[in-house]
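Data block below; observations after.
Think of it as A, B, C and D in the order they're written, each chain with its own count starting at 1.
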Amino acid sequence: MTYEVKSLNEECGIFGIWGHEQAAEVTYYGLHSLQHRGQEGAGIVSNDDGKLLRHRNTGLISEVFKRPSNLAKLAGKAAIGHVRYATAGTASINNIQPFLFDFSDGQIALAHNGNLTNAKSLRAELEKKGAIFASSSDTEILMHLIRRSPKETFIEQFKDALNQVKGGFAYLMMTEDKIYAALDPNGFRPLSIGQFANGSWVISSETCAFEVIGAKWVRDVKPGEIVIIDDSGLAFDQFTTDTQMAICSMEYIYFARPDSVIHGINVHTARKNLGKRLAQEAKIDADIVVGVPNSSLSAASGYAEESGLPYEMGLIKNQYIQRTFIQPTQELREQGVRMKLSAVSSVVKGKRVVMVDDSIVRGTTSRRIVSLLREAGAKEVHVAIASPELKHPCFYGIDIQTKRELISANHSIEEVREIIGADSLSFLSIDGLIESIGLETDAPNGGLCVAYFDGNYPTELYDYEEEYLRNLHQKVDFRTQ
Amino acid sequence: MTYEVKSLNEECGIFGIWGHEQAAEVTYYGLHSLQHRGQEGAGIVSNDDGKLLRHRNTGLISEVFKRPSNLAKLAGKAAIGHVRYATAGTASINNIQPFLFDFSDGQIALAHNGNLTNAKSLRAELEKKGAIFASSSDTEILMHLIRRSPKETFIEQFKDALNQVKGGFAYLMMTEDKIYAALDPNGFRPLSIGQFANGSWVISSETCAFEVIGAKWVRDVKPGEIVIIDDSGLAFDQFTTDTQMAICSMEYIYFARPDSVIHGINVHTARKNLGKRLAQEAKIDADIVVGVPNSSLSAASGYAEESGLPYEMGLIKNQYIQRTFIQPTQELREQGVRMKLSAVSSVVKGKRVVMVDDSIVRGTTSRRIVSLLREAGAKEVHVAIASPELKHPCFYGIDIQTKRELISANHSIEEVREIIGADSLSFLSIDGLIESIGLETDAPNGGLCVAYFDGNYPTELYDYEEEYLRNLHQKVDFRTQ
Amino acid sequence: MTYEVKSLNEECGIFGIWGHEQAAEVTYYGLHSLQHRGQEGAGIVSNDDGKLLRHRNTGLISEVFKRPSNLAKLAGKAAIGHVRYATAGTASINNIQPFLFDFSDGQIALAHNGNLTNAKSLRAELEKKGAIFASSSDTEILMHLIRRSPKETFIEQFKDALNQVKGGFAYLMMTEDKIYAALDPNGFRPLSIGQFANGSWVISSETCAFEVIGAKWVRDVKPGEIVIIDDSGLAFDQFTTDTQMAICSMEYIYFARPDSVIHGINVHTARKNLGKRLAQEAKIDADIVVGVPNSSLSAASGYAEESGLPYEMGLIKNQYIQRTFIQPTQELREQGVRMKLSAVSSVVKGKRVVMVDDSIVRGTTSRRIVSLLREAGAKEVHVAIASPELKHPCFYGIDIQTKRELISANHSIEEVREIIGADSLSFLSIDGLIESIGLETDAPNGGLCVAYFDGNYPTELYDYEEEYLRNLHQKVDFRTQ
Amino acid sequence: MTYEVKSLNEECGIFGIWGHEQAAEVTYYGLHSLQHRGQEGAGIVSNDDGKLLRHRNTGLISEVFKRPSNLAKLAGKAAIGHVRYATAGTASINNIQPFLFDFSDGQIALAHNGNLTNAKSLRAELEKKGAIFASSSDTEILMHLIRRSPKETFIEQFKDALNQVKGGFAYLMMTEDKIYAALDPNGFRPLSIGQFANGSWVISSETCAFEVIGAKWVRDVKPGEIVIIDDSGLAFDQFTTDTQMAICSMEYIYFARPDSVIHGINVHTARKNLGKRLAQEAKIDADIVVGVPNSSLSAASGYAEESGLPYEMGLIKNQYIQRTFIQPTQELREQGVRMKLSAVSSVVKGKRVVMVDDSIVRGTTSRRIVSLLREAGAKEVHVAIASPELKHPCFYGIDIQTKRELISANHSIEEVREIIGADSLSFLSIDGLIESIGLETDAPNGGLCVAYFDGNYPTELYDYEEEYLRNLHQKVDFRTQ
């Protein structure tokens, strides 16, 4: 039985550094620690005394930079980089970031994490004025807005452009003498500032990159903020003061690396707390707790600790699964060929198992794992999800833009339980989620975006509004799929 | 700080199947689940109505068979396959198995897991008689012995050859109408028989392959036994009755996949028991237990359960590390660039940590992880090893053939503790090891080979004897390396 | 001694087809026959019922489309393609054509052969108005001009844009329902129309493509003309009537394939005539005539025929030279390692040789071949060039934009003779060139551009004017290089 | 219409050098000039102070050594190399030479050009004695014979082995301190000795390699001779004195490079003489002479010179054809898509053409070229072949081992003329062939092997005898194929 890639995908990771002799190399290692945020492609632009140099390609960072010369040619003391997540269809190198714009009067590199809600209308408007887009990516829009801004200085043009784009965004931009970072007014995506002992500044989507490269975390970028780094150091500006913190709760639940710290909260600890709270909310009479590797192991250990049940390794993930792997034919799959995840019979046989997972998207994977555990001899399988029911699409950077992909948007808990074949099914409450993460803030929902759970979006939806409302009450039956 | 590949390497995994429409494809999935036993290269020989077809190459199984045509061309209802572990030096495709011998009167394919102790002298003797070897591998020797045997029938020639090779071996051989498996008289290497619901027989180094392909375990091959599979079913024979079970204890400690069952004992459970016993033998006053991912997590959870200390995820392994990955330069490494393993500060900060690992070879990795935990804020780091001190080389299939590589062969526990920078260092006792694994057998050492721990080899050493004795009392100082 | 690629490079070849079931495949074969016009990269855009699909990459056409799937995915009944010549520096896939522009209201593909003389100023002007360029290629400019044109219809916008670009250009453009071809007012570059027996129309830089794909030549595109092909057939338009034929004479001398016919003149025949005329103008007392393979064989046979001297194969070109070929080190080169061209001793030994070549650019190659012939035993080597002295740069599509690269711009014939080490050196006269080609036209210079020979450019030079004038009287000494 | 690879293939080229600082690099360039003798694979073994190092792979020499490191790792002052021709079926790296044998007491590298007539029986006999072969190549046999020879010294064992193998062979062997070359008693294959100015000795299948690397030809190896090269210089020996010169006439007609000299005769000159003689034997009333590029251009120019008809370039070969090239589908081929060869309409239109080719094997190519010329407007096409009718297979190293492949073995000249659609068809006489090449020797047939023309084989046929006789009078009808 195949363990499929969860259909929750993060849109990208960004990394930048200013003032380091091996800027491109450090960026490479930084991006490597952000690889979980995007595996479709990667790129780095370095700044060699004002000349911007780029290497990018589809594939993992280790594939993109597989020859030493790929990195070696990126000379200079500053760099920005990007990892891109896998969208449907063939990956085109045209959409791999950072984008590098060559103007007669200079070069600008741009990288983006997030999703704009008014991209379609901005693009149509710009095209009507003669703009030509080189990619299908939203990211380019910002550059057109900057270049067409009537403002006089570059920073004013940048702010002008930032105030026109809506939705979730963390931008990283490099000119010949500066790196700029900017975060949307809700701070949907994480973005942190770090520093090397020698004083070099770094910016990263997640703090785990700082650990890896030997830098120290300084502080997180704030909603609506612009960070400017150059030879004179770090400077801050705001493109808007109309801000309200709403960091994506899925970063804590599923996306971010467990060793990252977002707004002061370690991700592993947050997940363990989610598991503990789940054990309080959903008491289950069982023998052992098993987490779905790798993302749910923290929550499972929290559940075990709080419930007093033993935490067991009842599911094993094959660490050699690669993208080039040939999938079993339908015929072989029916004969039971399963590659990615195995149940350990001697652990689960005859046991009542609490299977802890971080979330349910389509339910397909859960159904398979439940069946895997049963075949391995589990007496009962109780599925406990360390987050609330996913009922609404996200428009700020998670790759779920329709309710059709979400089983909980279309079925009751009891129906889902039946579909996945579990003996019981529990979800965490939204309050449980908010309190377990426990950000220090006065913002609504404890500073979290929980729109995929309750449908209350913290911003207008612009180009998505109409379709969202139209689909609001349409249901898909996952039992017949 | 880089987490390096442990210098304990298994010599290969083998897999065979007879009587299945997709024999090569099933072998591919079987080998994939044995990938941890060898990553240097892989190959499959299929049997297309008596015509043997082969594809092999260096690289992971998914790289070797990266095009669908690689597998598609391997038609037929039987196949044997092999994964080869990484030796020093450049990988040569010549040494990738199965070997395929084309004779004027037929073809024979041969795959081997293990190490012969009299290979050098056998080879020299054969060459003196005009034999030409096509590879530097020991495996070929068996075929020369078979072809030169004065016996009349093939099975008698095979037995004659098996009685001449000494050491650890699990052979898989395919002729135009049969698969043969044979295990050395001590059963050093694991080898199991399984069966599909439709009756097809499979042979595998580990039972985890059966889970993956949907087959059921039948029984393990016995020391000195020959298994013969053909269209009429399974048959057994013995090439010798002078046998004594001594399965490699490192299979339980480190090599085998946690979901495999060897001689009735599940590997994860064995490891958990090793951790529990270690907690009894080495009581440590600490706050949390952290396992070194991934191989030591079972032992760590056993330690935690027995000691009552919380089991925490204090070390994170980057799952995107690949062989193509560019290593940081010395300069960057000194600046703290560490790629493979990160310590989670928010978990270990201020804590007294029991760091559980499965074994110590050179000590380099342990030193790095201890230092990683300290930098992340751990107050104390107590290293607890869920196996005894590795003091002697192995000549039966583990890639340690000299004491120079083993820190415990050259230093006392206290010295090792100092070298790796731990607050305390504990090892499991040999008795603890034997009792925790708990095989049902009357053989010495509970049916285990523990020669790397106590130096009592269960067989003569033949070509290795002289060098082993010469080096017995020479010491290397790991502090100055 | 290495025979180097002549530093005269053509800027690209274009090919288009409308109304053929295997449009992309035919384009592939068409481009293959235009491969001599550009080896840096290639691309094809097909039109699948209005949806434009593209594949492009660096490398030869056979490398770019090395997998059958590369072509197979380009469905549809129309296609345009492009081969790009090698410029200095690393090839970037961004500059490989056809360009494919995705607009909210449709797609347009564009391919270009030629060079604009006002590209730099047009680009600067457009950027000032907010335009962002995706490549460093001039080709994109036309699309920006079209999109910003105030005209109402697409054809009017296209004409508007065509009247703003200056220099040499042959454009091929495909929209969802049409292919457009357009040629500059001087017709600097060749462009021909052909037709399949089934009625499909094709456009190609050279007629050799028609032979290869089985189509028939219809007529050549005229200066200032626009050709429009769609389901209703072929239509013609003019974007300007201010035209004057000045086809690049180097197409006849060196670039075009010998089996192509340009404006009614077969290229091989033209070259043979150049050789005959050269034999009349430069009578040499010699024993044999040897052509430099492959481009000068036609001229050499003409020279031989007219002079009555035997035509001999005294120079052999190694047909396996590829771009991946490792070049000999300087050390080995001095020891005489020569890869690309060999002299046949038994042919030239003791002979007075007329070595016919099509042109001399830097003189380096000529010097080497002369020396090669002498080492092989030639008694005398008389170099006869089947074109006039190259003294001026070209700005319409040949890759010579500075006089520094032209030995004849800096040295007298006698000096050049001395530098290349020949016994005598002869060039064809400009009149000889014009009369030998013999186009039927009333245009000046017999309808040819001979500006590289006489410095009389048929158009204004725009952005190049200033630099050209500045360098006009500067000399470089090739003896000291 | 596709111009297919002639089904006459040479079996390999060999090259060796002793005493040169860049031995492997020079071998690379030497092999490159022998590339026409084999394109399936290539390899080089260097001798680094007695340690033999190898790199080999399938593909052209430039592909096999595409990374500088491939060559750089082949250190040492001596090397031997091999290019292998394409046989049917998938290329296996196992069969790529030089073979490198690792013995406990040293290494030996071996390369071979030719074909043994008693390989099958020798191999069966050796296997019966326990020998195991690593490849399907005949080449390995010699090594088994050497290793099993009862003689005392290596040179005696080598001679002993050479006297057991029969057929056509040129061997190159390198031990830790010597290179050995050996030629069969008939000297079927060419093999020459050259020398660098610095004294280093080189051995090559053809002298064109000497030109390329800057060495001078010394003399050709004689039938039955052994050449021994080491630090003390060159030495000669004979393994047999029962010799009779019978160099393969196809080397002059088709295989060898025109700039090579074999037994004192330049290949281009020989071909030109064949063309002249053909013009005497086959007088044709025609307008122009056209050679089929590239191999027949010498013969065509001879024909033209002798007949007084003008030599014209009526057929153009596309120089960018590569092996990766996608072939047109049958459908497109019928529409007239032809890639490799084009007829020049403006040259042949309305003309009576003598089309000179070097040989006819299956007739398929000839039929296509005739049709190509007719479609291009030729009024008459007279095919003149500059060699006799190919009627018998070759067993000494040309890849034609059955009469089924030879149209002239199955049809009269008039029938062949009709099949290929020519207005007339002429072949050279066997006497014409022998006299035109004109070797200085008293051996029968002027020292040439003409067995493929007259069926008189200069040696016994051993393993081929029976099949040859059986097929002697069987006919295949090429009209129905």
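By definition in this document, a contact is a pair of C-beta atoms (placed from the backbone, for glycine too) under 8 Å apart; a residue touches a chain by one contact, two chains touch by 3 or more.
Note that the structure is a prediction, hence the values are computed from the model and not measured.
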item: Chain labels contacting subunit C and also subunit D; value: none
item: Label of the chain whose CA centroid is most distant from the centroid of subunit B; value: C
item: For subunit A paired with subunit C, centre-to-centre distance based on mean C-alpha positions, whole Å; value: 50
item: Euclidean distance of C-alpha centroids - subunit A vs subunit B, Å; value: 37
item: Rounded Å distance between subunit A and subunit D, as computed from the means of their C-alpha atoms; value: 62
item: Interface hub residues of subunit C, defined as touching at least two other chains; value: none
item: Chain-to-chain touches, reported pairwise for every pair that qualifies; value: A-B, A-C, B-D, C-D
item: Complex contacts: residues of subunit A adjacent to subunit B; value: 22, 25-26, 28-29, 32-33, 35-36, 39, 60-63, 65-66, 68, 71, 196-197, 208, 211-214, 257-259, 261, 266, 268-269, 294, 297-298, 301, 305, 310-313, 316, 318-322, 324-326, 328-329, 331-332, 335-339, 342-347, 376
item: Subunit C-facing residues of subunit A, complex; value: 93, 101-105, 123-124, 127, 129-134, 136, 140, 143-144, 147-148
